[in-house]
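Below are two complexes that have chain A in common, paired first with chain B and then with chain C.
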Partner chain A sequence: MAIPYEFAYERPETAEQAVKLLGKYGKNARILAGGTDLANQMKQGFRVPEILIDIKNIKEWEVIKMVNNELHIGSLVTFNDLRKSQLIREKLNILFEAAGLVASTGVRNRATMVGNICSAVACMDSAAPLLVHEAVIHTLSIDGERTIPIQQWFVDNRKTAIQDNELVTHVSIPIPEKKYAGAYQKMMRYSGEDLSQSNVGVLALSDNKYHVAFGSVGPTPKRSLKIENLLNTKGISKETIEEAKAMIETVIAPITDVRATKEYRMHMTKVMFERALKSAVERFKQPKLITQ
Partner chain B sequence: MKKISFKLNGETRFLHVEPNETLLDVLRDRMGVKSPKCGCDNGDCGACTVMLDGKTVRSCLIFAIEVDNHEISTLENISKNGLSPLQKIFLEKNVFQCGYCAPGMILSATELITNNPHPSEHEIKEAIAGNLCRCTGYTPVIEAILELTKKD
Partner chain C sequence: MKAYKYIGQSVVKVDGKEKVSGAALYTDDLEFGPDLLYAEVVEGPHAHAIINSIDTSEALKVPEVLAVVTGKDFPFNFGLYMKDRFIFAQDRVRFYGEQIAAVVARTPQAAKKGAQLVKVNYTPLPKILNPLDSIKEGAELLHPELKNYEHVPWFFPKADTNIAHHRKIRKGDADKGFEQADYILEDTYEVPRYSHCAIEFHAAVAKYDHSGRLTVWASSQSPHTQRNLFAQALAPLGIRHNDVRVIAPHVGGGFGSKAGVTMEIIAAAIATKVQGHPVKVMWNREREFYNTYQRLGVVAKLKIGVKKDGKITALKHDLFWDAGAYVEYAANVVNAVGLSAIGPYNVENASIDSYCIYTNLPPGGPYRGFGYSEFLFGLESHMNRIAAHLGIDPIEIRRRNIIKEGDLTAYGAHMNPNGLLQAIDKVAEEIKWNEKLKSNDPDIALGKGFSLFWKAPAMPPNASSSCFLKFNEDASINLLVSGMDLGQGFLTVMAQIAAEILSVPTSKIRTENPDTDRNPYEWQTVASHITWGCGNAVRKAAIDARDQILALVSRTKYLPVDTLYLEDEKVKCTTHSKFELPLKDFIINGIQMEDGTFKGGPVIGRGVFMPEYSSTNANPETSQGGHPNVHYTVGAAAAILEIDIQTGKMKVQKVVEAVDAGKALNPSLVKGQIVGGILQGISTALYEEMKFDHRGKLLNPNFTDYKIPTALDIPGEIVPIIVEVPQPDGPFGARGVGEHTMIPIAPMIANAIDNALGIRIKTMPITAEKVCLEILKKG
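The block that comes next holds the complex of A and B.
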């Protein structure tokens, strides 16, 4: 079905042209990369932009690369690009794992990770991996560049800290100097199209430190310093895991909707937290490349 | 209206499009390519699958104007010179019933075996997970792909 209203379309060749256009149209423009969310939002009338600024010709944003000790992921990198990248598989196993659970191959060939965090729908898959890795979001506007730590990025459901005249150029992820391993758990009904009903990311770091984040169980994805503190001070034991699971009740705020009840989400988030934690610890002890 | 040109099943085509026309509508209604179907119209069902620069995509979520200077191929391209080995085995084993999902399913499976000639059952399931079929229960489709791609 065609979109039931008219809008303009531009495909700038450079970053400079893109931000100039964005500066001119501001909130009446939307940036188009993969479009898998945006086209749906426009069909549903949730977004009614006057102009789409298609950034797919700006090749410098297609790149995944190491810059000193940071991994940079450009705004045009799709989920299948992440799946095919040896760098991602080796350095960010949790993101590799989460990327493989996003929708289906045909969507992953087109949908970008940056688009995922810009749409900021609460059930997104890339948030928990980026939160536990303390990613930084880099934006550009006619006024210049800005960096926003991911902790401050998600403001509300579908709302981020981005300004109307800004676009995201890339995300940078600091790679820990010492050993680390992550694990991602996603609850869904079946593979291929389903959105997550709850998701958990755990990063095990050297010196018995842990980072923990939850998604799809509140208006925004959330990292929990409270649970991290507990694990970091008391270490991993059967008792601490039980204590952390009880604490989850005070950290997340799931709702009941067509996909799951809040009680089920709460229960399963605890179960998945334990699985993710154990899996991250296991991978930390015996590092090997994950394949799926 | 903007004039665009793109390769459709190997032939360069020119046409004028409005930004709000989806690739699916343009292919079906203006170019007579009927293998991509409109199922859910929001990217879940996979019936509208086409290949864009060699990768499967959802044509219902792409604006026609975006494919300017790109290459689109559809099921019609795969069987241009007769049925492909994959199509032959699907036919032999009668894996489809109504056939509505078939073009998308064949494109997804073709992409899989092009990149991975001997996929595992898990990889096959993953590759066709975004192509919903309400007739077959998927088992015959998976079995046929496994048989075609098994190592001798």
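The block that comes next holds the complex of A and C.
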């Protein structure tokens, strides 16, 4: 199916040119990186941008690198780039795991992680890993740079804290100084490519501290300090896990739709929470387990 | 017995290289030059409504729009078995998304723009989205004209109701049979609608030229039937059968969706309004789901009575089919099931009522299995439940009841030779039926499931196949048939049949998808009949050619004809070991005699096959007396299923399926059908589900939310098994296997779940969610 209307296309060579164009067109422009979401929206007429600004020539945004104790992921890094990166495999195993569950190989070759959090569709896979790692989003506009903590990034389904004249250059993730391990669980209708009907990210940190985030069970992904607090104060035991599972009912608000009922989503979120938690704890004890 | 050289060999597909390399052209790939026009369909946003008016004036103002056509331009009924369908909706729409009009333009964009500007005024009518509502007293009549529709003689529409056909079986005395039973199990099973999900969309290009010729290029399973229906529907415009030519390029999957006629008639009709221009109509994925055929939904009420030893005393099967808005094809699915809903069992007392019911959902139609998957879900679930109640092994109870050669079918004809017992034995052995399963993981439950299957081709008693076989100077052959290679390997197998009889290697036989002007008649590539039916036609054509060759050599070389035979592209003689005459020396130009004259001429074989013993003449109250089905293909399947008891997620660890192919003409292709059928069966059992909202609008016309398996979802191990009990009237003993392979899968899965968890699921699909919620309910 072709895109049934005309639009302009620019492919700037530098970040400066890109934000200049964006400054000129504002909300009438869309940034094109992977385009896996945008192309579908344009074909179906949900979005009718006047101009596409293709940023794929801006090489500095293709990079995954360590800067001091932060890991930087550029806005052109695809999910399969994440899967191929030794740095991601070692430092951000939860993101490595989540990236492998995004859509299919074909889509992962194109789709970018930054595009995923910019589309901010409730069922995205990147949010929970970035939430538990307290990532920071870096934007750029003609007015300069801005940093937004991931906690404040998601405003509503498909709405983020980004301004019309801004684009995301990269995401930075502080790497904990001590030992840590994460785990991601995704609810899917089968093993093939699917949009998550619920997902859970758990990060196990040293000193028996935990970060927990949920996705696809509300308009925005959500980190739960309430559950973290319970785990952090009471420690991991059969009882606290049950207590935390019961608490999930007060934390998330799943809906019934064409993909699943809210009852099944709620049940699965609890099961996945327990599995992610146990898996994160296992990996914390035996980091070599992090291979999948 | 003489060993075969080509039959029974896994000859490589004749079109394999072309397809694998991407060279094969499909309808959308064809070039039609600058005159090509594009049509965009206008759809109705109501499941049931009166069309008050259609305003096309704004659409016609769009630059590059040439024409807008509506139902008024084509006030014609059409249909395969019952003429209840229209090219465009006439006075009313009957399903959400039905075509109302089409805008024809020089570009797809202009056509689309025009289509958005067509204004239609509707008065909504009460809609019926469920077959049981449709047969209630006082239900809105969806086809008030039903009593006037032309239909085949074996349909029995009920005037002034929504029942378009009722197939009734009365065999023996069911009431008495139930009285004799020691145990009776009665329950209801539900199967929803499904979509074929062929990778290639429906596509049609039609051109009506200034000589009055209508040529249609279409992705099709049925080129000749399409020609017939186009000619019938457009006859009021002065179009005759010999004016219509259907050309069928490669097809990217059919599964029944491209049988008969659906959207192709839109292209054919529009072409008559823009004479001289080819017009293209392309469906998209959404329309593939809601405006082609869908597999019918069914509510099946089943009652079986048995003796203590498990022997069936009576069976009552009432099937209420959600056949959709138009049933011109669907009614025959209902008919086929009515005839066969006893399953592969010897049942003395049977009562079957199969109702074809109109609803305001998209038209039902043929889908791989033709209704058998649907009724076997309940029947094969029921057999396990009865066995459990009686404390008999589920396979043993089947052994005690299966239909054998010579037993009477539901309609009183004799069962054909078959290898059902062999299939059961082989499957039971391969799955190690008697070994208990043990799970090492407390979160994983394991279960074994088993199911039998049977299916007959559902076709008119006079459905025919034919073949022209033309030799060329070098003794290569052009084999002209009109069956379609849908990926199943049909053309390859036809080449093998001709090769075997004529001793010409398959590499020298060119056989391609048809052009109805060039290739002789074929009914349709459906019903899994094509290997058997068209194979017989090819066999006859090859024998015809062989007989001409041997007769010519006999009269010119003065050798008795019964001493002559073909080997390695030569005529040889049993009594003169040195005699050999290469075919290429005479096959076109004849044999020269001593006086310089030539005898013979181009050898052209001709073969026609019609099952002349088939008949639908029967008592409509009992269905006794006719011979509506030519034969049944049978088999068995079993699986080991693992279930995550916390999430309900299932994985088929191993699946085994045996099918009686009669003779596997190409074993590799038969195994391909088994593997493919298993996967499609697993898909419908576990994942696929059409979801309609209260308006009758399909909510998931896409692969985002209508799931078919990927490579990650295939079973751990698949074991295809071929059984060969020859079909007496099949080519080299072959009978069809294509559809059958998916039929046993859903009940097999349901039985495995019951075996693992003691949970009986009676509605399809059996999603992880459904299983999980049942586990939670059970506690």
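Throughout what follows, the second predicted complex is superposed on the first by the 290 of 292 C-alpha atoms of A that agree within 3 Å, B and C clash if a C-alpha of one lies under 4 Å from a C-alpha of the other, contacts with A are read in each partner's own complex, and residues count from 1 in each chain.
In this text, contacts are C-beta pairs under 8 Å (C-beta built on N, C-alpha and C of every residue); 3 or more make two chains touch, one makes a residue touch a chain.
All values reported here derive from a predicted model rather than from experimental measurement.
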Chain A residues touched - chain C or chain B, whichever exceeds: B
First, second, both or neither for A:V258, with chain B first and chain C second: second
Which superposed partner A:E177 touches (first chain B, second chain C, both, neither): neither
Which superposed partner A:A2 touches (first chain B, second chain C, both, neither): both
Contacts of A:T36 with chain B and chain C, given as first, second, both or neither: first
First (chain B), second (chain C), both or neither touched by A:M268: second
Common interface residues of chain A - those touching chain B in one complex and chain C in the other: 1-2, 4-5, 104, 190-193
List of chain A residues in touch with chain C within their complex: 1-2, 4-5, 104, 189-195, 258-261, 263-264, 267-268, 271
Chain A-touching residues of chain C, taken from the complex the two chains share: 108-109, 112-113, 284, 646-647, 686-687, 691, 699-700, 704-705, 707, 709-713, 767-769, 772-773, 776
Chain B partner contacts - residues on chain A that touch it in the complex: 1-9, 11, 32, 35-36, 39-40, 43, 52, 54, 56, 80, 100, 103-107, 109-110, 190-193, 292
Chain A contact footprint on chain B (complex, rising order): 2, 18-22, 25, 38, 41-46, 49, 52, 55-58, 60-63, 65-66, 68, 104, 108, 111-112, 122, 125-132
